[in-house]
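Next up, some structures in structure tokens.
Both complexes below contain subunit A, partnered by subunit B and then by subunit C.
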Partner chain A sequence: MIDFAIYSVTVIAIWSVLALSLNLQFGMTGLVNFGQILPFAIGSYAAGIGASLGYPWWVGATAALIFAPLFSLAVILPAQRLSQDYWALITLGAAEIFRLTMLNTPSFAGGADGLNVPRFGDSLTALYVSLGLLAVSFFFAERVSRSPFGRMLRVLREDEVLASTLGRNPIRYQASISAAAWIMAAAAGVAYGHFSGYVAPTSFTVTETFIIWTAVILGGPGRNIGVVCGAIIIQLLGVSSRFVAQWVDLPSDLIANLRLASFGLILVVMFIYRPQGLIPEAREVHDAERD
Partner chain B sequence: MAVDFVFSFQCPEYFVLQVTINSIIYASEIAVIAVGVSLCYSILRFANFAHIQLAIVGGYLAYSFATIPGLTLPLPLAVFLAAIATGLIAVLIDIIVFSRIRHISAEGKMIVSWGVALFIRSMLAAIYGGSAKVFDVPTEVIVCQGGIFTTLDITVVGVTLLLMVLLHVFLFRTRTGSALRALASNYELAVTRGIPGDRLIRLMWFLSGALAAIGGSLFAMQTRLQPSLDLVILLPVFAAVTIGGMSNVFGAVIGAIVLSFAQNFLIWIDFGSLFFGEPWHIPTQLRDYIAVLALLLVLLLKSSRAGGEKK
Partner chain C sequence: MLNVTDVSLSFGGLKALDTVSVAAAPGAVTGLIGPNGSGKSTLLNVIGGVYLPDLGKVTLNGQALPLGRPDRVAKRGVGRTFQVPKLAHRLTVFQNMLAGERDHCGESLPNLFFRPGRVARQEKEASGRASTILNRLGMYHKANDLAGSLSGGQQKLLTMGMLLMADPAVLLLDEPAAGVNPVLIEQQVAFLKTLRDEGRIVILIEHNMDMIANVCDRVYVLDAGSVIASGTPHEIRANETVIRSYLGQPANTQEV
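Then we have the complex of A and B:
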């Protein structure tokens, strides 16, 4: 039981980091990233490939933290001056391309069989690493959120033209926040790789991206504590479904599908009835005279 | 015949013919699904990702109508009924979900459409299971002038042509079609001039759902029916729609044709001999790369035209 609790908290911490990362992009800046699983996959695969080439863990981790922001720039720069629908398409395409590349290069990335990654020494190390990562990410996201930089991101989200008239270059803000967010997600990916001991293309599909989206929309886009709560609720639903499968004696893949269907339902229902999420973003009011 | 067959593999002209045939078949499959995405985008201004799932729903319904014991309908009738049922499902989804969020931003609608897609996909997987279903289509191989295709291929291309002509006649030769186009070009103005916007939006959903179902059934007959078929259809369809300019219905058809020819010819061309002297082809698994690269190329061209297309 205690093992299962440790496992659950680790999973929740890792997915909370992903939700925070998406929140920096979508919640704060308004960037619709439909390939949020991509930096996560980059992190996991960097850990996996580094290990399969015989390097110590920090080589893979460093590679992940270098490649993730580079990929984010490669994805975001072509999309500048385009509306968000196109950005969604590009990120979605990029994530699928990465998954297909890993699937089609068996000699390098293990193909459909995936790669083995050395596990953390024991489950407590995994727990501490994930919680540490979550703490750092949360602190960073909060700092950004409260800084002038974060306020400018919100201006960008509401009105790009207004941001430009204030003398700010939208694409520089968007590029730097997504590079930072992707580093965060890649670090989560490295931790996940070492935690699960195994990376394979099936873990990084469009569906996983939408599990992260469900967490952000449920929790409250733009509010860090909200999206962490969202991730906790969604992942609790996820890990508890194995108990449900035992109680009601239904095949586990049926339960898994019903769980995903409920995520879809949560996403739609939240958007219709409570688009601000469970814990809405606080509206800041500043008085120029008094500040 | 057998001699002819061997010959066709040696003579490049015959190969060009074969690649052209393959391109036309693939373009037809993509086009029927892509026009629905464009129809929706032209009026409601958002990329509807749930459309792909409607195609899969159509495929599964057609499969059910054709195979459920006691109901084994002939395949054309099964597909027709599946198209009507999927059209109604699309209208139902609009009533339950999309009609409530007409006022929110395009990004919001797009995210909701993903939620709907996730829901439909999981329900399909829960009901039908993840294993592949195969349509039992009687088909014959035809070898003609060195080109090889099947009677099923002819049906796919024929049905697509017929649907496109019907859609064109509907949109450009009937009053209702003109009204739909008016909504697409300026929604507010059209509604002020007395066009019943809500009713026509429902009609648009019905049409795009029905087209998706037919496209999905055709696609499934050519390959296999699986919940994961959506990932196979997704990228080429959205690439075709983007190439065609998102809101232009017949642009999506052109996009499908351009994309299909690009994919098939790029895979066929022997780049190795051209550049390095040794035969080397782009592996066929890289079809989707070509779709995404085409998408990126179009978007780069768009963004270099600075600002004009923006929002």
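Then we have the complex of A and C:
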């Protein structure tokens, strides 16, 4: 039981980092990233490929933290003259291209069988690493959220032309927040690789991106604590559906599909009844006393 | 001095601007009038860098403005408002004001983490200025309201306030008084005069001829993308072409 609790909290911490990363892009900046799983996959594969080439863990981790932001720039810079809708399609496509490339390069990335990644020494190490990563990510996201930089991200989200006429170059802000958010997600990917001991293309499909989106929409786009709560709820639902599967006599793939359907239902209900999420974005209040 | 020289711009087959030239002097308010669809907003969009003209150029104090790049034009000290106010609706009035701050060191990720003191200082300074401007506009009591919850008139005042945060040398104002209640209009007129007296270049699009006569030093009349007349408000009111095309009545029945 305690092992299961450690496992669950580790998983929740890793997915919370992914939700925070998407929140920086979508919740604060309005960038619709339908390929949020890509930086996570880059992190896991960097860990796996590094290990398969015989390097120590930090080589893979460093490569992940370098390649993820480079990929983000490669995706966002060509799209800078296009509208936001294209950014959604480009990120979706980029994530799939990456996954299919890994799937089809067995000699390098293990193909469909994937790669082994050395596991953390014990499950507590995995837990502490994941919680530490979550703490750092949360601190970073909060600092950004309450800063002049975060304010301008929100102005961009509301109206790009307004930001330009105020003398800001939108792409500078979008590129730097994406790079930072992708570093965060890549770090989560490295941790996930060493935690699960294994990377394979099936872990990085559009479905995974969809799950991160559900957490953000449920929790409250634009609110860091909200999206962490969203990730907790979604992952608890996911974990508990495994117990349900043991009690009721249903095939496991049906349970998996029902789980996804319930996430879809959550999305629809939130869009209709509570688009601001469970914990909405806070209003930054100016304190007149400080003038 | 802001000079627009022979600017032309077509949207598909429509000539929205046809070799338009306009000169606006510092310490004066230059009016742009003309019927709806005559190209007034389009001209401001060209000067502000939002639209890239097909031909022509715009210079500020003799130097060409980087047309087509609104952010760079703004950095040269050109501020503008839009006919439909542009605001961050889900941010408070005060946060919108702070977004107008120019060159904020807190808008760089490294500075947030490595120079927090400097960021806090500039934020405090900007807050002080934002409070002063909001007071000047009579909007300080709205500081923590969401910008989207303001009335249309207050939104227009707020966009003006945001501009002033950057202390622009040039102000391009697109119908600041349209749909605004008379009390706020009076406030705006007084405000425009202050801005003018501070030596700024002000270009004003306005339909209210009383306001034009009251604040403008020079007026350009646009019709179907061309300047058909220019002069003092008094001369314009007496100009027959203008009366026929814009003021809407045959010259012989027009009472001036």
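One rule holds in what follows: the second predicted complex is superposed on the first by the 284 of 291 C-alpha atoms of A that agree within 3 Å, B and C clash if a C-alpha of one lies under 4 Å from a C-alpha of the other, contacts with A are read in each partner's own complex, and residues count from 1 in each chain.
Basically, contacts are C-beta pairs under 8 Å (C-beta built on N, C-alpha and C of every residue); 3 or more make two chains touch, one makes a residue touch a chain.
This one's a predicted model, so the numbers in the text were calculated from it and none came from an experiment.
Participant: Look at where subunit B and subunit C land on subunit A after superposing the complexes, then choose clash or fit.
Facilitator: Subunit B/subunit C on subunit A - fit side by side.
Participant: Rounding to a multiple of 10°, what is the angle at subunit A's Cα centre between the Cα centres of subunit B and subunit C in the superposition?
Facilitator: The vertex angle at subunit A equals 80 degrees.
Participant: Looking at the overlay, does A:56 come into contact with subunit B only (first), subunit C only (second), both, or neither?
Facilitator: In the superposition, A:56 contacts neither subunit B nor subunit C.
Participant: With both complexes superposed on chain A, which partner does A:254 reach: first (subunit B), second (subunit C), both or neither?
Facilitator: Once the two structures are laid over each other on A, A:254 reaches subunit B alone.
Participant: Just subunit B (first), just subunit C (second), both, or neither: which does A:165 touch?
Facilitator: Only subunit C; A:165 stays clear of subunit B.
Participant: Given the superposition on chain A, which partner contacts more residues in subunit A: subunit B or subunit C?
Facilitator: Counting contacted residues of subunit A, the larger count belongs to B.
Participant: So, does A:132 touch the first partner subunit B, the second partner subunit C, both, or neither?
Facilitator: Neither subunit B nor subunit C is touched by A:132.
Participant: Thinking of the overlay built on chain A, is A:90 touched by subunit B (first), by subunit C (second), by both, or by neither?
Facilitator: Once the two structures are laid over each other on A, A:90 reaches subunit B alone.
Participant: Give, as a whole number of angstrom, the minimum Cα separation of subunit B and subunit C in the superposed three-chain arrangement.
Facilitator: 8
Participant: Considering only the contact definition stated at the top, list the common interface residues of subunit A for subunit B and subunit C.
Facilitator: Touching subunit B and subunit C on subunit A: no residues.
Participant: Please give the residue numbers of subunit A that touch subunit C in the complex, ascending.
Facilitator: Touch list, subunit A to subunit C: 143-144, 147-149, 151-152, 154-155, 157-159, 161-170, 173, 176-177, 180, 281, 283-286, 288, 290-291.
Participant: If we count contacts the way the header does, which residues on subunit B are in touch with subunit A in the complex?
Facilitator: Per the touch definition, subunit B meets subunit A at residues 46-47, 97, 100-101, 104, 106-108, 110-112, 114-123, 125-126, 129-130, 231, 234-235, 238-239, 242, 246, 283, 285-286, 288-289, 291-292, 295-296, 299-300, 302-303, 306-307, 309-311.
Participant: Can you name the residues of subunit C that touch subunit A in the complex?
Facilitator: Within the complex, subunit C touches subunit A at residues 48-50, 70-71, 74-75, 79-80, 86-92, 94-96, 98-102, 104, 106-109, 112-113, 119, 122-124, 127-128, 131, 143-144, 146, 162, 166.
Participant: If we count contacts the way the header does, which residues on subunit A are in touch with subunit B in the complex?
Facilitator: By the definition above, subunit A touches subunit B via 30, 32, 34, 78-86, 88-90, 92-94, 96-97, 100, 103-104, 205-207, 210, 213-214, 217, 253-254, 257-261, 263-268, 271-272, 275.
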